[in-house]
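In the two complexes that follow, subunit A is the common piece, with subunit B as its partner first and subunit C second.
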Partner chain A sequence: MSEPLNKPLSPAVSKARRKPIRFPWLLAYAVGYLIFLYLPVLLLPLFSFNDGTIVAFPMKGFTLKWYAQLGEQDTLLQAMINSLTVGAVTALVATSLGLFAARAYVRYRFKGRELSEGLVMLPLVIPGIIVASSMLVLFISLGLKPSLTTVILGHVFVALPFAVSIMKSAFDDFDQSLEEAAFDLGESVIGTFRRVTLPIVAPGIVASLLVTFTVSFDEFVLAFFLSGNQPTLPVYIWSQIRFPAKLPNTLALGSLLLLASVQLLLTAEYFRRRSTKSASKSA
Partner chain B sequence: MTDQNIIEISGVEKRFGTFTAVKDLNLTLKEGEFFSLLGPSGCGKTTALRMIAGFQDHDAGSIRIAGQDMAHIPANKRPANMVFQSYAIFPHLNVGDNVAFGLRKLGLSKADMKTRVAEALEMVELGGLQARKADELSGGQRQRVALARALVMRPKVLLLDEPLSALDKNLREAMQLEMRRLQQKLGITFVMVTHDQYEAMTMSDRIGVMFAGKLEQVDRPEVLYARPCNRRVASFIGGMNFLDARVTGDNGATVDVNLQGFGPLTIDVNPNAPARSPDLLAGIRPEQLEIGAQRPEGYDACLQGTVSDIAFYGESVHYYVRAAGVEQPISAAVPNYFHTVDHKRGDQVWLGVQNASVIDLGARDA
Partner chain C sequence: MAGLLRTEAGKGLALSAPASLYVGLLVAAPLGILVAYSFWTQTYVEIDKTLTWANYLEAATDPLVRHLMLRSILIAGAVTAATVALAYPIAYFIAFRTQKKTLWLLLITIPFWSSYLLRVFSWKLILGFNGVLNSALISLGLIDEPLTFLLYNEFAVVLTLAHAWAPFAILPIYVSLQKIDRSLLEAATDLGCSKLERFVRVTLPLTVPGIIAASLIIFIPTVGDYVTPSLVGGSQGKMIANLIQVQFGPANNWPLGATLSLVAMASVGFAAILFAVLATALGRRIR
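And now, the complex of A and B:
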């Protein structure tokens, strides 16, 4: 080469790289889009602090009483407990199933792998109402009364695709010779799973637990059809919307749920990123 | 090395669907031997190693380690441990826990375990690094940890899958000598898979050369270099000029040939290349050829040609010489005595060869 190696980039090139791209229309579109998406959601917390029962501007004044009243409502607390139970069980079951399915999908080439993977992912695109009504028919014909158990079964079905895709990304960067090395050093198959596989994919498991819990906690249609007289929180909220006097309470409750969900998903994302990082470090 | 057989493999075969990865593998290794399986990628050498380790079943034949048939014995029950190509250092454990991983199953006391881990790390010159985290290790250190983790189990056989391929050249050469020294000190049988001929030659007592699932030749490195059994082995180990030789007379231990380009010579019959057709394939190592501007004195046969290319390797210079009646240019290597031999492209030169330098490679199509 005739040019010196440490020659700086020509001024024209470096300037072009640093210059921010200016597309006023794209910016306007993006901002408009974000307002359209999130403004209604942001109105929820806003009006939950409004000292009045009518959701309309101008707002009356600031109050926390709607939040304070939440603690006094027994049916609400029961619905909360129902939702937490369903969410926790769903998260455990879906994540366990997802863990083994994902390991098989990433590690083995077997007949029907793609078909099986497609079927597992299908609930993401089937309309919830179809799933809900057919499950209701199925459970009743099996003699299963609508209850938290049937809600859990339904929720595992919709949460499984999330668990499988999160666990797949955890296994994607997992060096297979780590498991072979453990087995080669005299460890049993189960011991290898416990001492090597589990600790390395642990962040992925945590991420999957959090995401599947959130999916279950926020789910409405299936719970509405399958919960019978044991409403989950979203079903309870739906039943309260009919009473105008209760609306501010519902807004307060909704704001809390929104906050909790976002928090859970952020935590899950943190763990998911850690899982890909820790697995790829082994190579 | 003792006379005790440690690994006996007979008639082993491995198929993946319609593809036969390993064909009729027969091999007996002595206790304390350093053995290398050498071959290009995809030749089945890693599959062979994984069958010894127990990660792959064999479809036919038998594998015995220390006299015991390994047919239904899984990898975790075999007296063999493996060093993986990626080293497979457990990322969630520190160096000490990595090395102690397999010891936990042996029911040792805490103190014994500590001593053995410390000894193993001392052995690979990582003494005192027990608390170092896996992601703080350099490539060379990872390799040493993998070695210590396998050796701490005191296996009868240590299996190594391309153990040095991830290291840079200087480190690799240093580790070659170090691993060889360690192996001789411990007296453990090492079976190494490599595609690097120099690595195989510098480290091994014996080398097995594999092509397309078939073990073509098993010999000491010197024999493999001097008497390869056919064209494939000859071209995989070191440089080689291939020439046709017409057999004009058979004297038992030697044959009279008319060597393409060079003329009449009497060469030794190669016991490793018994296949014989009317004509022979002959090989000459580049460094066995004399090159000069005048016809060299005292050589059994000579040839005149033109220098077509020159390749400078640092320690030696290779001249490629085109001659009448020879399709490929003949390569002659000259040690680099700082240009006491200095030919230019296009120069007329002479090549000289001795009878003993011409290798019989058997039938041309073998």
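And now, the complex of A and C:
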């Protein structure tokens, strides 16, 4: 049914239809749109090397001093340590939860599966301010002071949908008969998981760890509400944005963070692709 | 229990339980406490736990609340419309006009792997009175005076958010375009449709699910956005999230803040459902 009737003809026909030389409006639009997308992201690094405190053209000379000054700021370093801690713990917890849930969704048919799948995606669509304010109220009511712990609890919540969807695609193409073979050859449930399942989905796990780490590392609103007097890097940056004199340092710090995020996520993407590739190869 | 764990259903439930319990608890518990708080009142430092409708009454009668709520929904609507309209041609381009689909999709998503806060901050620097755009235009001799309509208004908020949400619009629309059976398009042409007619009567209606998905993904979080209105909105561009933050922060009136959060959530839900119903009906209508 879905095969076109005139299949042998169609490529030639559509090529002929596209042939007349005319300005490729869509391509031009696409390129313009890319410039729009990249403008703000490339601007921070560009001006972080500018030898002046005002972000405007014409640019002054080239300098690295804004980067050099970053190392001298103790509060910044502390915020960096806070962010790394929160990110690492968030990544571990969210990925573990996501690993088991994704495994259940892909492998088993059970009552409430769809409900559960919908539920874990919910954090993606609740406005951040509502998550942040309601968690603050909850934690205070439970006697939990705002701290890195509460930030981690919040970040696991927002990172979980990412972990689940990455792990789901890692399990998706996973060939079940490999596990059955391991069972038949006498491996225990845990042994099979450790020696067969885990190695095959390992690239997916790495991807999930990296992505959830980055989600946490870049998250601002929750950390703003829940961090108390232990600021994470985005909260620190927020406090610096108000001071024009600090602007060049903020640009330098921002550029480093941009670079780190993009680097981490490109690595994650690499592992994610490898996971689908290895899974389909084994299938 | 051990017997249950050996069944398919038991294993599935047990494995998915930690994740769904975690999310379920962190949705239900805060919500419950938020509801409780919304019926209490703040008396200087103490919370008066007598149940009262006072906060809801204040939320309903205070013109500032109504104004900010309405503006948040209107701005979110404008952001959604602008983002989807700007994204559609790109999705179309990737689905139909290029062989290098993966490359284009990658190019489009890379900027969004960076911190949202920093991207918004960057727009503030671009649009400012002495900012990048104005200084560039002056250096080029295109204008003499800095343009003042760029920053600290609704325009800046819509532009910044249309940028921030771009991939969330492009990807769902791309997926729904990609799913279209190409022979349908050929059939439309063979039956004498012009290109425009074919787009309006075949392609567009088939992508309505993608457009709805994109719109909801963008609209819902945008209503409650805090960072963008704070950084580029100025006083004209403030939204409901700013007021909620004030109640939990400087004003220290948590009961009112809780009420505003709940009212915002209800309004978002209502607007989203209304939109989905209208869009679905409209999608059927065109066909």
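Methods note: the second predicted complex is superposed on the first by the 260 of 283 C-alpha atoms of A that agree within 3 Å, B and C clash if a C-alpha of one lies under 4 Å from a C-alpha of the other, contacts with A are read in each partner's own complex, and residues count from 1 in each chain.
Assume contacts are C-beta pairs under 8 Å (C-beta built on N, C-alpha and C of every residue); 3 or more make two chains touch, one makes a residue touch a chain.
Fair warning: this is a prediction, and the values are worked out from it, not measured in the lab.
Enquirer: Identify the partner contact of A:218: answer first if only subunit B is touched, second if only subunit C is, both if each is, neither if none is.
Expert: Touch status of A:218: second partner only.
Enquirer: A:151 contacts which: subunit B (first), subunit C (second), both, neither?
Expert: A:151: touches no partner chain.
Enquirer: Mind working out whether A:79 is in touch with subunit B, subunit C, both or neither, as first, second, both or neither?
Expert: In the superposed model, A:79 contacts neither subunit B nor subunit C.
Enquirer: Which partner, subunit B or subunit C, is in contact with more residues of subunit A?
Expert: C
Enquirer: Using the touch definition from the top, say if A:180 reaches subunit B (first), subunit C (second), both or neither.
Expert: first
Enquirer: So, does A:234 touch the first partner subunit B, the second partner subunit C, both, or neither?
Expert: second
Enquirer: Tell me the contact category for A:110 with respect to subunit B and subunit C: first, second, both or neither.
Expert: second
Enquirer: Quick check: in the complex, which residue numbers of subunit A touch subunit B?
Expert: Checking each residue of subunit A against subunit B gives 175, 177-178, 180-188, 191, 195-196, 199-200, 278-279, 281-283.
Enquirer: For the complex, which residues does subunit C have touching subunit A?
Expert: 8-16, 18-20, 22-24, 26-27, 29-31, 33-34, 37, 86, 89-90, 92-94, 97-98, 104, 106-108, 110-111, 113-119, 121-123, 125-126, 128, 130-132, 134-136, 139, 163, 166, 181-183, 186-187, 189-190, 216-217, 220-227, 231, 241, 244-245, 248, 254, 257-258, 261, 264-265, 268
Enquirer: Sort out for me which residues of subunit B touch subunit A in the complex.
Expert: Result: residues 53-55, 74-77, 81-82, 84-86, 88-92, 101-102, 105-106, 134-135, 149-150, 153 of subunit B touch subunit A.
Enquirer: What residues of subunit A sit close enough to touch subunit C in their complex?
Expert: Against subunit C, the touching part of subunit A is residues 2-6, 10, 13-14, 17, 24, 26-27, 29-30, 33-34, 36-41, 43-44, 47, 54-58, 97-98, 100-101, 103-105, 107-113, 115-116, 119-120, 122-131, 133-138, 141, 153, 156-157, 160, 164, 214, 217-218, 220-221, 225, 234, 237-238, 241, 250, 254, 257-258, 261-262, 264-266, 269.
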